[in-house]
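Chains: A, B, C, D and E, in written order; residue numbering restarts at 1 for each.
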Amino acid sequence: ETSACLITKTDTNPFFVKMKEGASEAAAANGIELSTFAGKYDGDVETQVAAVETCIASGAKGILITPTDSRALVPVVTQAREAGALVIALDTQFEPADAADATFATDNFKAGVLIGQWAKAKMGDDAANAKIALLDLNASEISVDYQRDNGFLQGFGIDIKDPTDIGDEDDPRIVGNDVTNGSPDGGRTAMENLLQVDPDINLVYTINEPAAAGAYEALKSFGKEEGVLIVSVDGGCPGVQDIAGGVIGATSMQFPLLMASKGIEAIKAFAETGEKPQNSEGLDFFNTGVELITDEPVDGIPSITSAEGLKKCWG
Amino acid sequence: MSDTPQPAPKGQEFEQTLDQSDTKVASFERKHHTLLERIQHVLHNNPTLVPVIVLVISLIAFGLIAGGKFFSAFNLSLILQQVSIIGILAAAQSLIIITAGIDLSVAAIMVLMSVVMGNLAVFAGVPSGIAILIGLAGGVGAGAMNGWFITKVKLPPFITTLGTWSIFYALLLWLSGAQSIRGQDIDTEAPFLKFFGASFNLGGARITLSAILMILVFVVLWYMLNKTAWGRHVYAIGDDKEAADLSGIRTDRTLLSVYGLAGFVCALAGWASIGRVGSISPQSFYEGNLDSITAVVIGGISLFGGRGSIMGALFGALIVGVFRSGLRLSGVDVLWQVFAIGWLIIIAVAIDQWIRRVSA
Amino acid sequence: MDQKGIGIMTTPVVQARGIVKRYGHVTAIDHSDFELRPGEVLAVIGDNGAGKSSIVKAICGATIPDEGEILIEGKPIKFNSPIEAREMGIEIVYQNLALSPALSIADNMFTGREIRKEGWMGKYLRLLDKPAMEDFARDKLTELGLMTVQSIKQPVETLSGGQRQGVAVARAAAFASKFIIMDEPTAALGVKESRKVLELIQDVRSRGIPIILISHNMPHVFEVADRIHIHRLGKRLCTIDPKDYTMSDAVAFMTGAKEPPAQDAG
Amino acid sequence: MSDTPQPAPKGQEFEQTLDQSDTKVASFERKHHTLLERIQHVLHNNPTLVPVIVLVISLIAFGLIAGGKFFSAFNLSLILQQVSIIGILAAAQSLIIITAGIDLSVAAIMVLMSVVMGNLAVFAGVPSGIAILIGLAGGVGAGAMNGWFITKVKLPPFITTLGTWSIFYALLLWLSGAQSIRGQDIDTEAPFLKFFGASFNLGGARITLSAILMILVFVVLWYMLNKTAWGRHVYAIGDDKEAADLSGIRTDRTLLSVYGLAGFVCALAGWASIGRVGSISPQSFYEGNLDSITAVVIGGISLFGGRGSIMGALFGALIVGVFRSGLRLSGVDVLWQVFAIGWLIIIAVAIDQWIRRVSA
Amino acid sequence: MDQKGIGIMTTPVVQARGIVKRYGHVTAIDHSDFELRPGEVLAVIGDNGAGKSSIVKAICGATIPDEGEILIEGKPIKFNSPIEAREMGIEIVYQNLALSPALSIADNMFTGREIRKEGWMGKYLRLLDKPAMEDFARDKLTELGLMTVQSIKQPVETLSGGQRQGVAVARAAAFASKFIIMDEPTAALGVKESRKVLELIQDVRSRGIPIILISHNMPHVFEVADRIHIHRLGKRLCTIDPKDYTMSDAVAFMTGAKEPPAQDAG
């Protein structure tokens, strides 16, 4: 029987919980024995390394991994490939990307760009006087964090300087950055802090929807829930509902379930035929797609409504 | 034997002169020479003043650095609101630390109980009031579980709560499926969960009920600790458990009540956090344990137990809040905020130590 | 020694039979008997480690003996904690005092039996009546003349060893109604301070409350004791009347230099 | 005065009979009745056996549950390799805990120093050997900084290291720019940094140098603690610092050396971690502090200081490793792994407490 | 009292002048003098809290006085820690013993002056010579006849109070070369054990090592002391020769019941 491993960043983020669900279903359908692992926190390299080693030891045919550190995990997955396992990166690419046999990912930068473009179009002429708050993840600036943040800024038409650095921009429209730990309580406090810096903020980027929900609460308590745009990335079901509820203006939806099921299918194919999956054209990964979700579509940017999104959320 | 009745001489021969002995006690008045010494002396006699002074100094300092924005009634009330949840946790933590314990599970209990309340009220259709009561009772239960291990199995509090932290954390992930409960769902299904999020204006300030709850919790616990027999027992246990035992305190029962009460306060913080955060997220307050301990130690409560006023923890929480807000408004990077908080802890406690020196 | 006829009059306040207490390998009390009679001062003497502290702790519930039975005023009793003994009016001054250093003198005197305010404040808010407790503590200490503390609110840790001993003794004397145990109450005390404690002991006896006094100081023992319980190798060797024997005899018995007088188990 | 010279009678009259006094001491042999009591007694006299037994039992248990996969030489050597970094940290943590301290900054020192080594060797072109030496010296410095606050400013270790943890963490994020240094860059620029990642086969097992380093660190520290005067002093300080002071130990100097040495061991762990992980990641080992404390307490070293063998921490780390690996291979969800580790901590320490009961 | 001519012969071993030590509000020593002469047993007596422990601690470096000067064998000296005093051959038995409970008797006897193995093992690996230390400790304890411990490797916490006191006293007696300070060494001891300590004191004196003995036990003091230093209210009131005065006098002086004899500051 073919065995496979799924190694996610954490088990506390619903995104990865969804991914695990998808993988488990696909594995059951394809007759693959799946073991799942997760780090204890975002950035827990040690646990992921140990997990890969355990997979090698147990003779897994394939490893699906969301690298918690795109550089740090390269050596161990190289070992895994040498041991004959198919390694597929999910959601986050390795650096270099070809450290894995394939990558099934959302382009996080692209996800950012989409909401940036949407926000710019939505604001129209006001975009020139936008006052932007950026609610990031945490002090250690992991790749998802800077890719989404910089993608959003680029989409909005701001010079991002170093695309791997948060907060090096000098555009006067940016009020400031603060960290949220990706949770609503962090989102709320960060939003309050930035509102204290400049009460006229009218555009808020958030690292994910829980942070966005917190930011919304802060705005509400300041009496500013109207007239401030909140954009986010992820596309979790509660997040899509928040679009419908008018909390969030737009979000970029990812497809963790799809990533996982595709990954399992690829492992099955590899086990049976030895064939490795191909990247999407022009990209160094297989794009599982990003979908902009908003109930206020703008011209030129394809999007779907929250009602449609709810059917697909994290599918 | 003689005609004037004399008391029979008592004791050994050399003790006969004791009746004439002097009753003076050695006592010397001493002037405090320098201003510094005099300040140290005043603070030594009123140790709770220390965090208050640190608070005032940091307020002034950030007022000067960050300007009027910082020093507005609104911003100050905002800080109060921002620290309210960690403040309530710090109150629970203080209770434990005064008994010479430590509780690494406060934040896990808090989040677990907010998830319990949310699941019951929003998804299971239990009336909010009952869901909250169940959550608060769960807090008592979780605290009592800690207390049981500590008093009956005689495990050190650090180890017990290190263990239960993992246990509660796993339970909360399992119950929530790692998903948050949305604010709007709460609004429609069980708005009462958000009770402590309500606020009103007072001058330029915006007072949230969660801030009032925090102050209330501190006042009530202060009263219990200082004005009731139970409170005296809590201090006595932290001071010297064995002596407390021998001098007639039911130490196990008292400790159990302390952990249960702390668990209750954590659950209360869980309820208040729903109002404050607006939604229920299993990811929230992951570092709440350390934050609460930080507030307590900055507030001058001894980790060795038995010393310090619970009010110190309130000021400790406010000091951290003021620092965070002040640094933020002065445009300091998150990175250097972490750095500054590290020094704050060390310096605040160093000042406290200096004041408590015997030579005061 | 007692006559049989007046049994009721002389029911011992405490009677213990065959008490055994082990700490791991060590047997601290090895089938020892014990008896305290109404109104007397019973001195307990013995070498270091003979088990004196252990047996009195067993009597007042501070340790739970492994075997044996204890009768208080003729009724068999099993204490599970010192609190139960306290509630019966038994007080003990421990060798290590058992005071809470950071609490005030008044707080220490009242631990576990605090006075609440009258009326609803005390009843529902459980508010302590601090002034009442402080007054009481001050009275007791003044009465004993044991100390000249500056303030009754002072934490115990700021007192000298002698003063602390004074607080512990005063606490016991103030609340005991059945009997008091004092475990080497004068060990750390100076000549003057020791004398005060001996006077206190006689005072308490004159109030009709019997006292168990553990001490290594033979002159003190012979001065105040009505009977002397000699403890050796974990059990009672004999009890003697200080009027019938000399200090030399007592020391000889307790150190094993001389055979004890034959006597029955009373 | 009489014709046979007699020693002048000494002392008071009642002391004259002392010469004839008996010299017997009360001593009683006692049989252990039940089998359980007998086991308890043996373990009581050899407390280090406890974690060894727990380890053996968990090995057997997981061997049965998870089957041959778990019990292979390869998997067992893998566990050894996986615990090596946390194991080395636990050795440093044990040193501190034996002095009745606690160090919340071990993991931060470790990662900080690995970043220092990497930055110097990979980016600044400093020869690897020198970069490593600087990193190790930095570890000593960071540890000594903790020690300085603890001995000179007299801050409690918990608070000091809570503060320096933030400080070191901020520094490491700043130095690394929160970016990992890639394995390939290390391979080309400074392969010596990865020295401890090398491994060789032995039977079916694959032994990594980092695992050997871990064992070496434990053996050396065990020797120092048990066979040298310094080690006796370390235990004496943990036992009763004031008594140690008065009985002629330079406690401050010894404590400073302990913290410095612990810092050195952390930096060594940092070097080994480069080999183990294959790259340098500023985000890794964020929870290393708690993991190291967990290993120490499961290993039976008392958090109150002065008691327990450092070897216990090695077994403690291995127990956690076996649990993690066993649970993983048995296909237990991560969630329930967290749950199980919580219970492991509580149960392991409860067993330890039971064995140490006086009535053994 | 000394004659001026033979100054060199009688240079005091310790001479202290105008020592002041304050603890916060409390002045524990208030410009006190102190003198220990070669080969003598000097008893220090005084009420509880008079400052006896404080002044001897100042002499041996355990506390650092705020004012005043200390001369050891005529040379002014400033100790910054008890270790410096130890290195000069000064030993002290503290009131609270200062033993490490979890360490063995042998370890406790040698703390801070452990013996290393001969040869390279000791020199480079700093390996302790445990058998040598244990043998030495066993010899010392047997010699003193102070105890009947089962094993020299036993942790100190398993000993009785008297046995512990014995270890502390043996440690001091074994290593002192200049003088020994004993702070109430018999407070917790039984009659027999106290006698052993008094014999030890006389033994040590006969080896020519002077001793400072703090005690509340007048008969003991008058038995062994060559001179008595009476401490009162933080300073030396007077020193008396036990042959010239009675115990009554000494107690009267120390408690303030009688005026001390006029004398010069020597």
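Everything that follows uses one rule, which is that a contact is a pair of C-beta atoms (placed from the backbone, for glycine too) under 8 Å apart; a residue touches a chain by one contact, two chains touch by 3 or more.
All values reported here derive from a predicted model rather than from experimental measurement.
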{"item": "Third chains touching both chain D and chain C", "value": "B, E"}
{"item": "Neighbouring chains common to chain D and chain E, by label", "value": "B, C"}
{"item": "Chain whose Cα centroid lies at the greatest distance from that of chain D", "value": "C"}
{"item": "Chain whose mean Cα position lies farthest from chain B", "value": "E"}
{"item": "Between chain D and chain B, distance of the C-alpha-averaged centres to the nearest whole Å", "value": "31"}
{"item": "Where chain B and chain C are represented by their mean Cα positions, the distance between them in whole Å", "value": "39"}
{"item": "Geometric centre distance via CA averages, chain B-chain A, whole Å", "value": "38"}
{"item": "Contacts with 2+ other chains: residues of chain D", "value": "12, 14-15, 18, 21, 25, 27, 170, 173, 335, 338"}
{"item": "In chain C, residues with contacts to at least two other chains", "value": "49-50, 191-192, 218, 251, 255"}
{"item": "Touching two or more other chains - residues of chain A", "value": "11, 41, 139"}
{"item": "Touching chain combinations (by label order)", "value": "A-B, A-D, B-C, B-D, B-E, C-D, C-E, D-E"}
{"item": "For the chain B and chain C complex, residues of the former touching the latter", "value": "10-12, 14-15, 18, 21, 23, 25, 27, 223, 227-230, 232-233, 235-236, 239-240, 242-250, 306-307"}
{"item": "Chain B to chain A touching residues, read off their complex", "value": "69-70, 75, 78, 81-82, 85, 173, 177-185, 197, 199, 206, 208, 273, 276-279, 281-286, 324-325, 328-329, 331, 333-335, 338"}
{"item": "Chain A to chain D touching residues, read off their complex", "value": "11, 35-38, 40-46, 49-51, 53-54, 57-58, 68-76, 95, 139-142, 164-165"}
{"item": "Chain C residues touching chain E - in the complex, by the definition given at the top", "value": "46-50, 160-163, 184, 187-194, 216-218, 251, 254-255"}
{"item": "Residue numbers on chain D that touch chain B, as the complex places them", "value": "149, 153-156, 158-160, 162-167, 169-171, 173-174, 290, 293-294, 297, 303-304, 335-336, 338-339, 341-346, 349-350, 353"}
